[in-house]
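Each chain gets a letter, A, B, C and D, in the order it is written, and its residues are counted from 1.
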Amino acid sequence: MTTQVIVLNGGSSSGKSGIARCLQAVLPDPWLTLGADTLVSAMPVSAQKSGIEFAPDGEVIVGATFRALEAAWIAGIAAMAYAGARVIVDEVFIGGAASQRRWKDALGPLHVLWVGVRCDAGVAVGRELARGDRIIGMAASQADLVHHGVAYDLQVDTTHTEALECAQAIAARLR
Amino acid sequence: MTTQVIVLNGGSSSGKSGIARCLQAVLPDPWLTLGADTLVSAMPVSAQKSGIEFAPDGEVIVGATFRALEAAWIAGIAAMAYAGARVIVDEVFIGGAASQRRWKDALGPLHVLWVGVRCDAGVAVGRELARGDRIIGMAASQADLVHHGVAYDLQVDTTHTEALECAQAIAARLR
Amino acid sequence: MTTQVIVLNGGSSSGKSGIARCLQAVLPDPWLTLGADTLVSAMPVSAQKSGIEFAPDGEVIVGATFRALEAAWIAGIAAMAYAGARVIVDEVFIGGAASQRRWKDALGPLHVLWVGVRCDAGVAVGRELARGDRIIGMAASQADLVHHGVAYDLQVDTTHTEALECAQAIAARLR
Amino acid sequence: MTTQVIVLNGGSSSGKSGIARCLQAVLPDPWLTLGADTLVSAMPVSAQKSGIEFAPDGEVIVGATFRALEAAWIAGIAAMAYAGARVIVDEVFIGGAASQRRWKDALGPLHVLWVGVRCDAGVAVGRELARGDRIIGMAASQADLVHHGVAYDLQVDTTHTEALECAQAIAARLR
């Protein structure tokens, strides 16, 4: 069976979205990319602010409202894949292994490629600055946290490797 | 039973997204807003261009790839609502009654409020110009087309009514 | 002599940018649109935050750094017009008459059309909500403030008039 | 005398904007960043399309309207610096040495640091793909072209060096 879902997990400014766009360009079939950013922008402005809180150091604190919406969101993404869409999930496992567990439960028997997107924390902090539209501190606080206890089929590291090259390595692993 | 899904259907530049954001602000519970724009931006750049084609007059031509991804997308949005999320669907029924049929089949027994978002074509054309980021011609070609044969619980008209007022009228109809 | 600069002054969410884009579409010559939003996004992120402060009610407090950069910005916009570009200035006269004075001094002998963009405060507040990307409170606090003591050649009101119609009224007044 | 203007010249997707944002973050004084993207978005939508034309391979063809507006724009940026603002110019010298000549004439006696932003064409093409919002082909067609006959005080290369590090190298060269 062919791969139905690619989950990219990495901290803020680790380069996941760039890899996702390159994957969409290099893979012969059409893949949808959906992720944490899509979910947050789908929420009411008030929930964006209170549901996820940003501590002064950029750490993300998740509330109950956010958690409930996220559970339904995950179920919906899984349903898209069950219905035949190939989906790239562009995610930040704030809860590490617990986050992966939630996705694993929802994705059930689907063929998933779990990809860890690594980036040296110092480099990610610089890229966060260069992007100019991110809350400063998220890259530093998430760089290691999101990989805690997470199991991968493949890891890529954007510290010294371009997004396109990472995408090609991932594409080579698809069944 | 309370309303679980609000479907806003209207042509480009009819004011759906503004109504959706106002609904999110005035409704006491958190609602997710997802729609045609979310789906298009989730697609590969190549599918955005070839899957939906824009005729010189702004008419939208939908291809088979787009149609297949859209079917899975609709199934996924329905699954989010089944899983407990309240969802505002911000849609353009390019196929009129046939589009509504696809959503109706997927949403099944869920409690849905079907809302038509009307806007005088001439006014929508002016707003399309004022937005500055839209393909000119979509507002004109879609203004009536998308309502063809579609059945509503409620219709609002943004020609002379503000988005917030429309949202309040919709909110008053929720169970 | 023909008009060289159109200054649109109005509060946040009063509809200035939409009018500017419509003006660019209806006027036969090419006009540049530059304004407060351009200046703010040209500044360092830190100056965007500390240079202009947003009080909890959305009021804007302007610091010395912001004021100095703004003075140079105004001189530069004036120089573009002296050099032959037609310019639409999309502005928020936070200081009312004092802000107009600064622009008047810089624009000197240029032929300027001063346009007040009015919008009922309650309506502007609703549109601010509908846009979803603005700090809530700015529309209310600026609606009247920015017109204090300002002299206009022409005023338009977007409360019940579309941006395109306002633009046509302004275009009709150009020399 | 201290440096008043930093001109960053490089092809599309070479990393200029990221360097500019890092410069704004690391430099102690507030610097404005303005550039080709600002000018294009200030133009009427019609001039954006007809003034600059994109050949199928992404090559940029500049028309007379664009050229006239650009001349006034350059004069205006120079005036901002004369008026005391420190300005980072984020530019694409489509015309190579001729483009630099236009800026040099306008900036006259101001203290300018001319910086070439290099990036291996293959790498820039991959980054263009990863950004997802650029016309494919510009990175390739501009990579070398924009440096033709241009004289620099300093060159940086983003192929293997992060934006922040490039910014620090530039900052170290300011007087």
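Keep this in mind: contacts are C-beta pairs under 8 Å (C-beta built on N, C-alpha and C of every residue); 3 or more make two chains touch, one makes a residue touch a chain.
Nothing here was measured: the structure is a model prediction, and the numbers come from that model.
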**Request:** Show which chains lie in contact with chain A and also with chain C.
**Result:** B, D
**Prompt:** At the interface of chain A with chain D, does the proportion of residue numbers present on both copies reach over half, so same, or stay under half, so different?
**Reply:** same
**Pair exhibiting more inter-chain C-beta contacts, C-D or B-C** = C-D
**Request:** Could you work out which chain's C-alpha centre is the most distant one from the centre of chain D?
**Result:** B
**Prompt:** Using CA atom averages as chain centres, what separation in Å is found between chain C and chain D?
**Reply:** 27
**Request:** Could you put a whole-Å number on the gap between the CA centroids of chain B and chain C?
**Result:** 32
**Item:** Touching two or more other chains - residues of chain A
**Value:** 21, 25, 45, 132
**Prompt:** Hey, which residues of chain A end up touching chain B in the complex?
**Reply:** 21, 24-25, 30-34, 38-39, 42-47, 51, 65, 68-69, 71-73, 75-85
**Message:** Considering only the defined contacts, which chain A positions touch chain D in the complex?
**Reply:** 15, 17-19, 21-22, 25, 123, 126-127, 129-132, 160, 162-165
